[in-house]
Amino acid sequence: MSKKPLNIGMIGYGFMGRAHTNGYCKVSNFFDLEYEPVLKAACARNAEKVQAFADNWGYESIETDWRALIARDDIDAVDICVPNNLHKEIALACAEAGKMILCEKPLSMDTAEGEEMCQAVEAAGVRNMVWYNYRRVPAVTLAKQLIDEGRLGRIFHYRAQFLQDWTISSDLPQGGEALWRLDAEAAGSGVTGDLLAHCIDTALWLNGSIDTVSAMTETFIKERVHQETGEVMPVNIDDACTFMGKFSNGSLALFESTRYARGHKALYTLEINGEHASIRWDLHDLHRLEYFDHRDDSIVRGWRSVHVTDGDMPYMDKWWVPGLQIGYEHSFVHQVADFLKSLEEGEAPAEPTFRTALETQKVCDAVLKSAANGSWEDV
Amino acid sequence: MSKKPLNIGMIGYGFMGRAHTNGYCKVSNFFDLEYEPVLKAACARNAEKVQAFADNWGYESIETDWRALIARDDIDAVDICVPNNLHKEIALACAEAGKMILCEKPLSMDTAEGEEMCQAVEAAGVRNMVWYNYRRVPAVTLAKQLIDEGRLGRIFHYRAQFLQDWTISSDLPQGGEALWRLDAEAAGSGVTGDLLAHCIDTALWLNGSIDTVSAMTETFIKERVHQETGEVMPVNIDDACTFMGKFSNGSLALFESTRYARGHKALYTLEINGEHASIRWDLHDLHRLEYFDHRDDSIVRGWRSVHVTDGDMPYMDKWWVPGLQIGYEHSFVHQVADFLKSLEEGEAPAEPTFRTALETQKVCDAVLKSAANGSWEDV
Amino acid sequence: MSKKPLNIGMIGYGFMGRAHTNGYCKVSNFFDLEYEPVLKAACARNAEKVQAFADNWGYESIETDWRALIARDDIDAVDICVPNNLHKEIALACAEAGKMILCEKPLSMDTAEGEEMCQAVEAAGVRNMVWYNYRRVPAVTLAKQLIDEGRLGRIFHYRAQFLQDWTISSDLPQGGEALWRLDAEAAGSGVTGDLLAHCIDTALWLNGSIDTVSAMTETFIKERVHQETGEVMPVNIDDACTFMGKFSNGSLALFESTRYARGHKALYTLEINGEHASIRWDLHDLHRLEYFDHRDDSIVRGWRSVHVTDGDMPYMDKWWVPGLQIGYEHSFVHQVADFLKSLEEGEAPAEPTFRTALETQKVCDAVLKSAANGSWEDV
Amino acid sequence: MSKKPLNIGMIGYGFMGRAHTNGYCKVSNFFDLEYEPVLKAACARNAEKVQAFADNWGYESIETDWRALIARDDIDAVDICVPNNLHKEIALACAEAGKMILCEKPLSMDTAEGEEMCQAVEAAGVRNMVWYNYRRVPAVTLAKQLIDEGRLGRIFHYRAQFLQDWTISSDLPQGGEALWRLDAEAAGSGVTGDLLAHCIDTALWLNGSIDTVSAMTETFIKERVHQETGEVMPVNIDDACTFMGKFSNGSLALFESTRYARGHKALYTLEINGEHASIRWDLHDLHRLEYFDHRDDSIVRGWRSVHVTDGDMPYMDKWWVPGLQIGYEHSFVHQVADFLKSLEEGEAPAEPTFRTALETQKVCDAVLKSAANGSWEDV
C-alpha cells in the first residue's frame, strides 16, 4: 500500500488511551485516506503496565519518560492522555520539538495555562487538536448541519446537562491513579472540567460564544479517604455545577452537571429551541436525534425521532446499513479520520484546535469564578 | 334552555354503564348541540344496587325489569349495557317498541344473532349504534383522517394487538356478575369478542374489509372455580387469540389478543404501513399518534410523536388548551355527541350501526371457526 | 339524597372557570362525600357572556358585580377565577363576608398582597385554598407518597421546567381579556407567576423550602400591539425565567420556564434525584411516573415507566380500570373532592391554603428581584 | 506475544465479509484469549475487488477460487460469506479438507442441504459455527441469562418481528451481486431465510423448540427488472412472511417479517411474556432491554428500561464505562471471542453449530410449506 504513515506516540494508557488507540487502529479499515496512523510508541511511568498496553494494541515500542518519547525522531504526533495538570508541560515540550499534538480534553487546568499552550503551538507551527469527541457523534454532527442550513431560525434557548451517579457512595475514595478526577490538584476542577467542558465545547460550536454566566457549585460529600495515603481528607472538587448565561446571539444558556443524579450513568443531553425548529440529543441513546419542525402540517406535527444510521448522514456511509448503530467509540475514529484528512488537505486544521478549545476554558474559568463569588461574570 | 331532550333508559350499571352515563352527563357542557340527553331511568334486576346507581348519577327513576323500561312512553333511547347473551332479546324488544338503541359491543353472541338484530332495527326503522368507542379517541379519529386524505398511499400491513394480564393467576375465579367475561355462556367467547372485536372494528373502519383468516386460540388455565357455585369447572373461553389474514385492499392482517401478557394492562396497539407513510397508536398513551412520512427530507426523517391535544385535531376544540390531555372516558362523550348530532342532522346514522358492527361479528366468527378447524376461513 | 350542599359562587368564566366548574359537576358522580357542590351563581361583568356560561354549566343564576355575589346569603364559597390583579380585593371582601374562598393561582401579585390576604382569611376564620392543581395529578401525588415513605433517601437535586411555545410569533398581540397573561399590570409577571409558580408550589410540597436563589429573565420580543388599543407598546413581562437555588434540605434547585421553547406546548417536567432513588414526571404524558431505584438488582436496574392507572394508586380507585387514563381536568375534580372532604372531616384544611401558597409567592418575588439585580437573594 | 494463531480464510467481501473481518481484527484488543485470528487469505472470483478488500483489511494474500483457498495448508478456518446457494458445496469441501467452518446464516437453502452439511462436519470432526450474531448483542445475552435464572416463570407468549422498508419502490431491480437476496435461486427464500431466520434462531435459543406453525407469505411487487439481464422478470421471493405457532413449552409463537413496513429500517423486535416477568428488545435501540417484573411493589411497578452498558452485564466488562454504548458490529466481535474461547477450552463448541442452526432451517421449511399449502405444519 501507498499510504503515508503518521507515527503516533501515546502518553497514557487509561480509558482515553484505549479509546484513542482504537481510533487509530480502525480508521484505515473504514476511511479511505492518504495517511495511516502507525502505533510507534506508548509511554507511561510504569514499564510493566505500559508494555502490557503496547502488546495488547500493537505499539511497536515503549517509553517510561515522556521527554524521551518526544525526543524520538520517529514520532510525528504525540497523544496526551494524562491527568490535566500534566497537559501544559508536555504540550510545551512537544511544540518545542515540533511534534503535532492530540491532547485529551480539557485543554488545561485554566485559561492562563491554555493561553501559554496556544502560543507555544502557534509559534512552533505544529498541528494541534483537542479530543472533544462528541462533535463527531453523527447525530451531533447532523445537528450542526441542520443549524448551519438555517433550519432552526433565531435561537432562543440552549440547554445542556451531563448527569452521572457514580460518586454518590461516601465509601468511594478520592485521588490516586484511578480517581484523579476527584482531586483538584490533578484535575483542576470536578465536574466543571470533566463534564461541563464537553457541554460547553459542543455549545460554542453549535451556538456561538457565551458572554456572561452566573454559576453555583456544590460538594455534597465533604471528606473522603485518599486512595494513596488512606487518610480522610477534605474533598476539593465540585460535585455539581450549574450555570445560567447568555450567548452572543441573544439566546439563553442553562447548563448543569453532577455526579449525584441517581439513575444517570453518563447522560449528556442537549436541546436547542429555535424560532422554527428545535433539536434534542442525549448520549444514552446517542444515535437518535430528536427534531421538531413547526413548519410541518399542524395535524402531523411532532418530535421526530431520527435514527441516525443512514448513508446520507454524517460519517455513516463508512459503516454498515440503515438501522444498524455504531458505538460511542466511533466518535474517536471519526476524529482521527478528520485529523488525517486535514493533513491530506493542507491548510485548515481539524477542529477543535488548542485555540478553539481555549474558549471552553474561558467559560469554565468564568463559571468557577462566578460560583466562588456569587456574582455574574463576563467570559 | 331550548334544547331538545333525548330520554335515556339505561340497562345495566357496571363499568360500561358508568362510562356511558358519564358521556350523557358531560356532553352538553362541552358540545353545542340541539339535543341533550336526559337520564330518565336506570334498570337492573337488583333494585337496591340500581337505585344507588341512579342516585349517584341522577337517573330520575329505576326499573327492575327491562321489559318494563322498554314499555315506558317517556324513554326515547335504550342503552344496552348487559352481558352479550342478553343483547339480542333486548334489542329485538326495543325495535318492536320503536326505541332507539345504543348497544354495548360486541353486537351479539354470533353473526346469526347479529343478523337478526340488524333486520329487526332496519324493519322498525329505529336508530341504532354500537359502542365501539375507540373510533372516537382523537388520535384514532385523526388516523382515519390521514388515511382518508391519502397520506399513506397503498397499504401493505395492518397489525393490531390487545394485550392484558389480569387473568394470569390461577386463583382467579370465573363467571358470576363480576366475571361473566370469563364464561362463554354469557360472553360468547373470551378475548375474541371482548378485545379483538375492538381491534377488528377499528381495522374495518380504517382499512376496509377482511376477506380471509387463519387463527389460533389457547386456553392457558384449563379449570377455575366458578364464582357462584364454588365448583371447579372447565374454562370454556379463549384466553388468547391470534389471527393472520388478508384485507380486500391486498394488505396483510396480523391480530393478537391475550389476557396473559405480563406487563400490559390494556395495551391496544395498531400500526398501519403504507407506501408513503405509516401510523402507530397505543391505548396506554392514547393521545399520541406516531406518524412516519417517507417524503420528509431524509436527514430529518423519523417517527413523529404527535401530541393530539391541539384545537385543530378531532374533537379537541371542545376541551382545554394544547398540551393538556383528555382521558379514556372522553371517547364516550364524543360518541354521544356524534349520536346527538346525527339526530339533529337527519339522514346519516352515527357509526357504527348494527349493520356495520355485524361485519366485526363475521370476522370474529371466521376467526373462531378457523381456530377450531385449523383451516383458513373466508369471512 | 342526604348530601349537604356547598353553594358555589363562581367569578370568571374563562379557561379556569370551565375547569373548576367541571370539577364541581363531576365530583359527586365519582367520590362518595357528605358534601356536594351546588352551582348557585356565576359572575362576570359581561351579562350576556356570563349568562351563556351559566346556561351551559347549569349555574342557577348570574351576577355582574362580584360585590353583589359576595353579598348573597345563599353563597357558601366563592371561586376566584379572574386576572391576578383582582385576587386581593375580592378575597378581602369574601373574608369580610365570611365566605370560603377557592382562589386561582398564583395567590396574588406579590408577597405583600398575599400576606394581607392570608391575614384577612385567618382573622375571619374562613376556609381558603389555592388552585395549584398539579398536586392532584395522581402521578404527582404518588411521587409525594414515595418521598414520604423515604424511598429516595437524601435528596441531591430537584429540577423543574415549564416550557411552552405559544408566544413566539411577533404578530401575537398583548393584553385585553384574552391575553392578560402578557400584561404585567394584570398578571404581575410573565412566566414567573404563570408557569414557575406551578413548579415552585410542587417543589415546596415535595422537597421543602427554598432558601436562596439566583435568577435570570428575558423578554425576547420587546414590543407588541396591544389588543385593546391597537397601539404598539413595550412588552412588560418576562418571556423566560430561569433560576438556580438551594433548598433547606441541602439539595440544589434548577428551574426554568419559557414561552419560547419550540415543540413544547405545556411541558411541565420535574425530576428529583435522591441517594437511593429518582423520580421524573412530565405533564405531556401526565399519567406516567418514571422511577429509578438503585437498590434493584444491577442487571435489571433501569428507569421504570409506571402507568398510573391502577386502583391502588392515588385517586385511581374512583375511576376506570387499569390501563385506562384519566385526563388533565381530573386534577381539579380531585382538588374539589379533597376540599369537600376537609369540610366533612373538620380541622385540617385542604392544601394549599393561602398561607401555604404565600411561600410560592415569596420565592417568585426573590426570583424576580434576583433577576433585576443580578444578585443572589434569600427567600 | 505468545498467542496461538488461528489462520482465517475468508470467502466473500460483502457486508458480512466486512463485519466478520472487523470482528477478527478487534477481538484481541479487547478480549484476553489464547488464540488470535490471523487474516491469512481472502477469496472471491473478482481478483481486483478481492485484492482491494484484502489490502484494506490486511489479509496477507488472495485467492480467486475457493477450492484453492481450502486446499491451502496455512488456513485453519474458512469463513463462508457468499450467497446461500453456495454454502453447502463449500462447507462439504471444507469438511473434507478438515477445516473449521464459520458459515454465514442461514445455514443452507433448505433442511435437506443443511442435514447433509451437518453430517459432513460431524463425520469430519471439524468445528463449525453459524453467524447468528444477535445472540451476542449484550441485551439479548442478558435476556437469556434472565430466563435461565427463572425470573420469567412459565412462558405464555413469544413474539418477534423483523421489519424493513427498503424494497418498497417498484423501481428497485432484483438479482445480481448486490441484490441476490431478492432472487430465490441464490437466497432460497425472501424474508423467511433472510430475516425470520434470525428471529427463529433467537427464539429457539431463548424459549426452546417450536412444534407446529401456520404461515402466510406475500409478494407485493410481482415483477422487477433483473439487475444483470435488464429484463422484467417475475419476483420469486416472499416479500413478507408471518406465522403463528406453538412452542414445546406450551407458549404461543407469533412471528412476522417484511420489507414493506415503511418507517422501519431493520427493526428486529422480540417480546416474551412470562407468568412473573416479561422482556422486550428491539434492534433499533439494541442496548436497551425492557424488563417488567410483576413482583415489584405495585405502586412502583412498570417496564424498566435497562441500559445495557455496565460492567456486570454480558461482554460489557471488555468495553468502556457505564452509559457508553457499543455498536451493532460488536456482536460479531463477541462471536469471534466465544469461538476462540471454545478452542481454548476444548470440548463444547461455540453455538450455534450447524446442528443447532439446522433447527432454524426446519422451522423455515415448515413455514414455507404451510404458506404454500394453507395448512398447519409440524416442524
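Of note:
Which chain is which? They are A, B, C and D, in the order written, and residues in each are numbered from 1.
Quick note on the criterion: a contact is a pair of C-beta atoms (placed from the backbone, for glycine too) under 8 Å apart; a residue touches a chain by one contact, two chains touch by 3 or more.
Please read these numbers as outputs of a predicted model, since none were measured by experiment.
Farthest chain from chain C (centres taken as the mean of C-alpha atoms): D.
Looking at A-C and C-D, the interface holding more C-beta pairs in contact is that of A-C.
For the pair chain C and chain D, the distance between C-alpha centroids works out to 55 Å. Centre-to-centre, using mean CA coordinates, chain A is 36 Å away from chain D.
If you average the Cα atoms of chain A and of chain C, the two centres end up 42 Å apart.
Residue positions 288, 303, 307, 310 of chain A each touch two or more of the other chains.
The touching residues of chain B, counted against chain D in their complex, run 156-157, 159, 165, 168, 214, 216, 218, 220, 240, 242-246, 250, 252, 254, 256, 258, 260-263, 273-278, 292, 294, 303, 374-376. The touching residues of chain A, counted against chain B in their complex, run 142, 145-146, 151, 288-289, 291, 293, 296, 298-307, 310, 312-313.
Those residues of chain C that touch chain B in the shared complex are 1, 15, 19, 22, 25-26, 28-29, 55-57, 164, 166, 264-267, 283-286, 288, 307, 309-310, 319-330.
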